[in-house]
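Here is the structure we will look at.
When the chains are written out, they are named A, B, C, D, E and F in that same order, and each has its own residue count from 1.
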């Protein structure tokens, strides 16, 4: 049927080809281009073998696993509290979210509820992490489209976020922040001061960054309709987070299944319409503003109270107690040796990570280590849609799509 | 001095023109063709026709040959075209015959043609300058000039028509 | 309809029968049911297409290895989510280690493709009908499935480590 | 798809106006921003000469602390080695002999104590695990870069806090 | 031509050549410094005082780096590529009038290397050849990224040459000559072409960016897409020559723009200055030297502008670049020609 | 294999080693030039790559050392900065990149993962890149602070400054490369 219809609309050239026994369309001569694993635009590490017709991508075969580190296997051999440093290294752009998502999972297993203050501190830290994640993603999008400078402007702000992390936990990137049962220390006056300053300074910088790119026609042309994906396909691919929201689905774990007192805060879920690169850029931009709003609320209404749960079986006693108190010393030894009495069971807990629903599926057989810990890593899940998203586009589009997806290799490969 | 330069340029022209035909690699052919254009521009300069020399370089070497090279590089992208072309013995013989015949025809045609020289005394050395060229073009040769421009326009329209893809397909 | 564990379970059992759905648990607020591999594909398809349930988002899937459970060594876990009703459900399928064969879900969910490849890579599950069941994270030449409990975690080529120091 | 919650907000995505289509105004605006930064105070901290301030809780290079009398606090209980996710700490314990009370605080002490700085991930779990407050991650020192792999095994000679000069002799 | 004149000319040509190289060398330094300042950094400051020896360090390193020719590359062409790029780039500054005439010991020295009557066409022709360096090098590398870069360079240069030529024609219509020196002379004082040709200047500026492969038109070497584009496979001094050629091109483009639109060595109140000095020879020399300074100031401002833009804008995509060239710039340039023609006719009709 | 690191030539005092015989001021000048123009190839795979971004950023500014031009093409790079975990799958790629680099070339292993495998003592991770390519400078930390990365860069600068022009032709260096199976 279709072929007959087509026949009627043959152009002269096609008629000529048909008459002379030639193929209706000239087969394009494809070039194979190896994008990665050391290509500058692959940031982390993955390989794409592209079939190109000139500058147009006809097909792509992705290869991943170049930094597969066997997180899930390590997690089966380490006591619960030693897994936190592993989660740091999954999505290293927003480690605190990973840390705290994991902590919440274990707390769910152990049945601990943590005080409001600790929850609020967690919210502040997680939102800061989200900001720094989106900062990197959006500014890298700028770098890959050729505008390097905006990246360095927002990078300075990221340093300020790192200063806050440093004040809270003592590290910049791989934070190992918080403990099972709360935070490791209360917010110091300096940390509060830094957060306050950040809230004052950051909006200006971010507005400036937006001004540099958002309405620049070169940038709009580069990103509009590039790497678009429909909501149906995105859901089928298991997209979550900003990439799903860019297609117009307002799914956000923070709203759907509030954790850590997210129900206390007023914020909106930015959604896009077409799911293209420009939408993803705008959604992330807007999410940064929303995160700022959340931090502001949490900072203003920070409740009094303890920064950790009263759970002596799981939360390390304060050092001073250990020196003096025999009971505390015993708990201390038991916790460090990993001999806590984890109940048998399985839990799934998910948080809204920088890139989407970051889920932890934990099976415990009552031993000192998790029996099985599976990470639902958003990057792993949506990177497989990349092939579909870049087909028919150009090489330059593929690179921008990759940046705007914000695929973090550490999370992708686990 | 000028004479030596002339002979040097001429031999270079012939040599590179020959290499255009002989070279197996099409890219090398194109590069030799560019050298040929250069030497021809050199001849123009010797004739004090700097405008022609510059235009020759801009149009031929700077634009047309770049396109040639462009196309050849594009087609060459996959594999080496050198081995792809196989000439059979018959085609070689046919080629030789055709070339020889052309040569005979040219000799026959040029045998009686008179070579018009210029008298050094009355020759105006400024004849190749832009102003003179422009004057001649827009007075004496106005009709051919305008016809040529129409021809170019037609060619351009044709190229656009041919180059236009079917609707819906985006290429580049 | 408000989705609760009871009425979802009731719907599923009335559709598939007691013999195919068993062990309904609720360990962490998410209903966990066990089924067999004959009905898993149909079950997930039913959950996806049913107008009332709309459990049409495959959150994650992963393998688990229980070497001590006789004939139920291998477990495949699917976790689904209904975005419309914000309802999650977990489905498990157990099978013997000698026969880790499962039907593929790639025709239902695009995301299942890599997840199944990962499960194959880690545990050696065979997904019948999968378009490209090859290793995804590890190198092609690897001879075993590293997440099985019997294989060691550590790099076997490392020589600068003295095991006696570590009480693990 | 109809919204799942009532909190969604469409990101603004308006058509380009004519001035935006003309490239130049947006370019001029961008140029303005960069020019403003051209004359701004520079953020750079020139590292070897100046150092950026670090927080008091920064997890830097390890140190084995002494107590107020100059005796080593470490009692070689091994908790830090167990707590280390990177397996970077090794130690052998020894009994304190008579006459060494001024050297070691407890009856057991670490004969050797090695931290492999290349393996260490500076997570701070050892500091947290230590019941004797012996091992600390200092905030004012960073592990330096070196040429050889062997140089990164920090033994007691480099880990133990040096005695204060007034107290020795 | 007398031998003394020849000697002066030789000295002048050498000087121009040296200055070109020097400016190209230090352009790298300024590029890095300007980038740093725009980005709130301080930039190179360890090599020599304030990092002033940085370009020399780079050159020294590049010279003594292992010279490498990839196995599969076409060897002769691989070497030829950067050579062409460098040669063509250095050739083009020959017809640019950097200053008016200088009178030394009764000899008049025109501060222009070759005064040909088709100077504009010369620059145009030489610049159009520059793309061969990139194409040949990119093709000879036998690397797909290089080839893509070469192809992008070729199509981009051809497309933008057209618009550039068309915008130039308007200037030629105004001045009625092809000689750069005469064009410069006509703009004496503050009578610069930019006042008559603002649209033409913008078109020319955009095309100059494209011809120099500078952001936002740096597609042939766009790092994020093609790693290094045509020079991906080049290392050591061959790479150095490509980078060098790029900066020389910027310098020449700046010089040509200054000559065509910003009055070359002319500066406001030039005649007042000339009149103020009684000795005509001295007056001429002073004015020429101030003019020389003015010329170089203009050139440096343009070079700064090139760099400023580079560190601000994102780059185009290939098809958008083509669209801009063919569908926007060329029609605009034709419009500009028509306006200019109309203006000239109107002027003749009125006066 | 790790023993081979001992062969690394730290050309300490001038005039004592064999090359010192030829040590001229020219050599010193080239050494200085190389020192101030070390173009890195940032082989960033994971977390340390993000800290490298911070090192490039305004607050630390690696450009002060003349090293801000990242050369993603190995032909143009002088130092290979391996940042982040190198899995066994990635190993051959690192080696290939190293082989493609032109002499003189240096390697910095930034961070615990690249230097020793760090926390990831697993079946899939290479326990330090010095198993496949010779490493000149190790930078500890997980990830190192930008200060430490700059520190590592300065160590390489010291190496570059004091290296004789002939070192890359010396039999010791050839033996070092041969021990890694690099032609």
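Keep in mind that, in the parts below, contacts are C-beta pairs under 8 Å (C-beta built on N, C-alpha and C of every residue); 3 or more make two chains touch, one makes a residue touch a chain.
If you're wondering where the values come from, they're calculated on a predicted model, not measured in any experiment.
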Label-sorted list of chains bordering both chain E and chain F is A, D
If you tally the C-beta contacts, which comes out ahead, A-E or A-F? A-F
Indicate the whole-number Å distance between the mean C-alpha point of chain A and the mean C-alpha point of chain C. 23
Could you tell me the distance, in whole angstrom, between the mean C-alpha positions of chain C and chain F? 44
So, what's the distance in Å between the C-alpha centres of chain E and chain B? 29
Set of chain D residues in contact with two or more other chains: 4, 27, 30, 33-34, 37, 42-44, 46, 82, 85, 87, 121-123
Among the residues of chain F, which ones contact at least 2 other chains? 2, 58-59, 61, 64, 70, 72, 89, 117, 119, 121-125, 142, 145
Two or more other chains touching the same residue: where does that happen in chain C? 83, 86, 137-139, 146, 153, 161
Quick check on the complex: what are the chain D residues that touch chain F? 42-48, 51-52, 85-87, 116-123, 142-149, 152
Please output the residues of chain F touching chain C within their complex, sorted ascending. 2, 88-89, 117, 121-125, 127
Once bound in the complex, which stretches of chain C touch chain A? 27-28, 30, 32, 56-60, 62, 64-65, 77, 79, 83, 86, 88, 90, 109-111, 113-115, 118, 122, 135-139, 146-147, 149, 153, 168
Touching residues (chain side chain A, partner chain C) in the complex: 64-65, 68, 70, 72-74, 76-77, 108-109, 233, 235-238, 249, 251, 256-257, 345-350, 357, 359, 361, 363, 371-372, 374, 376, 380-381, 383-385, 413-414
As the complex stands, chain A meets chain F at residues 37-40, 43-45, 65-70, 73-74, 85-86, 88-89, 92-93, 136, 152-153, 155-156, 158-159, 162, 172-174, 409-410, 413
